[in-house]
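In what comes next, chain A is part of two complexes: it sits with chain B in the first one and with chain C in the second one.
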Partner chain A sequence: MLTTPRSYPKSWVEWTAIVIAAIIVLTAVFGGLLAPHDPLVIDFRAKLLPPSGTHWMGTDGAGRDVLSRLLTGAQLTLLSTLSVIAVVLVIGCTIGIFSAFVGGWVDNLLMRLADIWLGFPPLILALGFAAAMGASLQAAIWALVFSWWPTYARLSRMITKDILSAKYIAAADTLGVPAWRKVVLYVLPNAFDVLIIQVTLDIAAVMLAISGLSFIGVGAQIPTPEWGAMIADGRDYVRNGWWIVIFPGLAIFFTALSFNIIGDMLRRELDPTSQRRA
Partner chain B sequence: MMTAPAPEMTTETDPAMTPLLDLSDVTIALRQNDRKMVTGVSLSVMPREVFGIVGESGSGKTLFTRTVFGLHEDTYLAGGTVRFNGRALPLNGYRRAIKKMLGKEIGYIPQDPYSSLNPSMRVGRQLTEALYLSKGYPMRSQKAQDAAVALLAEVGIPEPELAFRQYPDQFSGGMRQRIVIAIALSQDPELMIADEPTTALDAFTQRRIMDLILERSRTRGLAVLLISHNLELLRQSVDRLGVLYGGQLLNVAATADIGAREIHPYTQALFDCVPGRDKRLADIASIPGEPVGAGFGTTGCAFAGRCAFAQDICRSAPLVTNTDRGTGFSACVLGKGARHG
Partner chain C sequence: MTYILQRIAFSLLSLFVLVLISFLLSHIVPGDPAYVAAGPNAGAEKIAEIRAEMGLDKPVATQFFIYLGDVLRGDFGTSWFTHQPILQDIAQELPPSLELVLVAMVINLVVSLPVGLLTARFNGSRFDDLVRLVSIAGAGLPIFWTAILLQQKVAADWKLFPVAGRLSFEHRRFEGQTGFTLLDSLMQGRLDVFFDALAHLMLPAFALALLFTAVGVRITRTSMISEFKKDYVTLARAKGASEGRVMFRHVFPNGATPALTVFGMQFGWMLGTTVLVEEIFGRPGIGRYAVKAVTQSDIHGVVAVVFVVGLFFLVANLVVDLLLYAINPRKHLEG
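Then we have the complex of A and B:
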């Protein structure tokens, strides 16, 4: 619970994850300023250069500096991930909490709708969005928003139902606490732990999804320095330019992994239902 | 100046005194299948009176109380009249009407202090929230904070200023129950419902919490409706006692009468089960047979199957109800425990 912050000893893996996540977040904020070269400038005289003193991570097939693209791309990748999560969190929780409060057939209808929605493959949705809006990062973001909200709707509905059946809500009823105050003062603070865990775990998942969509070509397009798109662009050069694929790949790998580890760590420390806590 | 002699309390209710809470022939049914769980309960609680409702587990006492005060989702008031301060509440939309009075005229102390406080809200905030809802004090105002600290001090919390800033899980069960009582008192109610307020606490704390409730209500002039299955606690605490069994109100007795004069056989049997200082183990009599649950109905006495005095008529006669709501009442068709004169 939030009210009893108990610290568990963190392992070196978790400390590493925290450090990596911090570096990634800092990179996302300041990455563009640190980039030694312009990430978009094409220089065919300098194409497919291996890592060296001037180009630490080499250059890609069009002579763009991979490190600069990676640093600039951090912002793009993290920002689009966070915007997906933020929108999905607001939409999902609004629907979920509303559904739990109203109950009855409205609740049933909304939740079945969420179930059906959840059954719809996000890839098909993304292709649909790409077809309608033109393949772009925005299309990928919208596709993910549309396919991700049911998770949060169902989660927040479940938590809300749980909280609404708690005795402190019955006690609040005897004071005449109106519904909107219950949401703000009772449901949201008590749902916070579970939601923050889900958000941390989803950061990794959404980031992978965005990069994945960009990789198959329905997301960000070259020359946008998005990590997935960079890999897609570099795969033609794998034989004579491994660095083009490896570095963005490692970036995705470490980001996803460290956020996942942090999510698991938060779950252990915050989630009262977690087994490991006992 | 001539002063009229104080009228003696008689069995007839003083006509000048309106009961604070007046229930007449209240019947409670399940929403699901309209099964009548509590039938024909009539009783009244006078201003400043401490009235106890007692019953075994499953007798319908909590169902009864929670429905009458609009806190139960699955049941409804299927019949009868509820008057508060002489004002009758409508049977249609009853729940909404009574809920409006909760947190104003009616205060409620819930059963379980461990889970009745919002775990993620500071104690002070919960009090200022209650004060805001009942009196409109702005939550962060000095007025609300002073009132909240005063309430914490009133219920005997040491260092109320510190407690104001703490979270509920930093307190013991007894302290939490004091906080819950402070929240209920913050509403300035006329009637305080205490639904098994001490069940979750140890015996010593039970007594102290009960004393606190009684002392506070006496000082503030509140009536208390105390629901409990703890007979000794009730005997020591309340003025009058209503006994529920199988969803029927079998007896209303002044606590002074218990052991002093004849009361309903069921009430007598209940008190015979209570261990006491002057009782040896052999003196404690258990009631034979299995208890019946709520929803016995209105034909026959719910206790007839276990009663030592039961005759055929006990099983067939319609339920006697407390229509005139005198200070004492017995549903026994054999006339046991009925007060005369």
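Then we have the complex of A and C:
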């Protein structure tokens, strides 16, 4: 509900998570501009240099600056994660709200389908989809949309059903308020809190899935500075260039961690059914 | 009884959806499969010929039912890189993957259940906070990255476990009847092979289990907390039952059952996640097979793995649900 007190961080862990997340978002916005070197220029004379003053995170097997790749990759990784979530949010909520409004056997069928779909391991489903489309970052994004929509369909359907059973909806019905106005006026504002929690937690999950798909070769392709692809690229050099593998992994880990902590915090503060609050 | 029938009907429906998804992936999404199969230099006639051969000139519904028939007979086509029937490949790759998932599941359960119980008992304590933070951190680790680090540090540098493979070089000729090395070695009384296979399993299983354990601990904790709040716990305490008895005799069995549903689902997810682990540790298995099929653009090989993982997922869930029903039929009447 919009009237509940807004969330606030409770401990230094949560403050740190917020600061890290803010830094990561800023990096994603300005990533390319901050990069000290060109992330794609190959220079074999400078290959496999350990971290130093000129290359803070060293260089990779083709002499590219790891820090520059990491900063540029932040944009790519975060942008693809957010596009998955944005599309899934729209598709899932459309299906869910539609299902709740129509009700009856359509509702039943759609939700059964969502249940079944939700169960399948998302990574393997996405792998199949990406393989069918041909390997690219775009394919990985669509693949995850393909396997992620039921979460939002179920969630938005649950909230909508809940709201539709309220007394003020019966009042609105008597006044002849059309369905689309009910969605805009009552459903969406009330669904906001629950959806924002899910979105925050999914940022980490989707990011891990995208980088995983890139790692096994069905997402971003290797010279692209996507974090998962960077780890895949660094695997061959792990014995004499640990920095190529370590830094992108840490970037993924800290991004996922901070968004998970924020999601956890939001759930505690915003979700009335949460156990922690009592 | 009605519950069991309903549950089985749901599984059959799920199976149908699974076939539908496989069909979408292998026939609809790739655009024109005949064009792909014919190769880049084929002329229009050749493509039309292949299209007819593959049945792609028939209506989509007909194609689907042909596909459904093929799948039910276990015919997934022939692999482009092993040149064997895909079903045969899968049958060969499945045991090592299942072995890996089972060991990972044991690690998961051995950690999740007791830690979940204890954090629920000491809900809100420093210990609880610490475990929560660790499990959130665990859920943020990219599995493939952890796997590489473990392999480099624990195996290559510290030499605590073998770096890669399924068995050591001296046991390379070991053959068993079932394909499950752990089981075969025990049946033949070869303890040396058994421990060798187990040592090779430890790191990949641990890397695979991390993420799932992080979730498992939290699920167990939530379900145990709601048990601790129930009246029978208060009654047991009022009767003077020791805290240990309350925890292990009363709360644990009741709180563990809802968590089991999640562990059942995790089984299928783990099997799907082997794609991130097996290749790194050079283990045979359906995960590595899927990755190889992807790089060889063998879409039917990939789809077969998707199908098999989905199938195991369905079966694992069905088994867990029926098991829970057998343990406590009353629960399903209430809810």
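As a working rule, the second predicted complex is superposed on the first by the 258 of 278 C-alpha atoms of A that agree within 3 Å, B and C clash if a C-alpha of one lies under 4 Å from a C-alpha of the other, contacts with A are read in each partner's own complex, and residues count from 1 in each chain.
As a working rule, a residue touches a chain if its C-beta (ideal position, glycine included) is under 8 Å from a C-beta of that chain, and two chains touch if they have at least 3 such contacts.
Given the structure is predicted, the values throughout are model-derived calculations rather than measurements.
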{"item": "Contacts of A:A204 with chain B and chain C, given as first, second, both or neither", "value": "second"}
{"item": "Partner chain(s) touched by A:G217 [first = chain B, second = chain C, both, neither]", "value": "second"}
{"item": "Which of chain B and chain C A:L123 touches, first, second, both or neither", "value": "second"}
{"item": "Partner chain(s) touched by A:V25 [first = chain B, second = chain C, both, neither]", "value": "neither"}
{"item": "First, second, both or neither for A:V245, with chain B first and chain C second", "value": "second"}
{"item": "Partner chain(s) touched by A:G176 [first = chain B, second = chain C, both, neither]", "value": "first"}
{"item": "Which superposed partner A:A166 touches (first chain B, second chain C, both, neither)", "value": "first"}
{"item": "Chain A residues touched - chain C or chain B, whichever exceeds", "value": "C"}
{"item": "Parts of chain A lying in touch with chain B, wherever the complex brings them together", "value": "1-4, 166-168, 170-177, 181, 185-186, 189-190, 192"}
{"item": "Residues on chain C engaged by chain A in the complex (per definition of touch)", "value": "10, 13-14, 17-18, 21-22, 25-26, 29-30, 132-133, 136-137, 139-145, 148-149, 152, 156, 222, 225-226, 265, 268-269, 271-273, 275-276, 279-280, 290-291, 293-295, 297, 299, 302-303, 305-306, 309-310, 313-314, 317"}
{"item": "Complex contacts: residues of chain B adjacent to chain A", "value": "69, 71, 99-100, 102-104, 107-108, 110-112, 115-121, 129-130, 133-134, 167-169, 180, 183-184, 187"}
{"item": "For the chain A and chain C complex, residues of the former touching the latter", "value": "13, 112-113, 116-117, 119-125, 127-135, 204, 208, 211-212, 215-218, 228, 231, 235, 238-239, 242, 245-246, 248-249, 252-257, 260-261, 264, 275"}
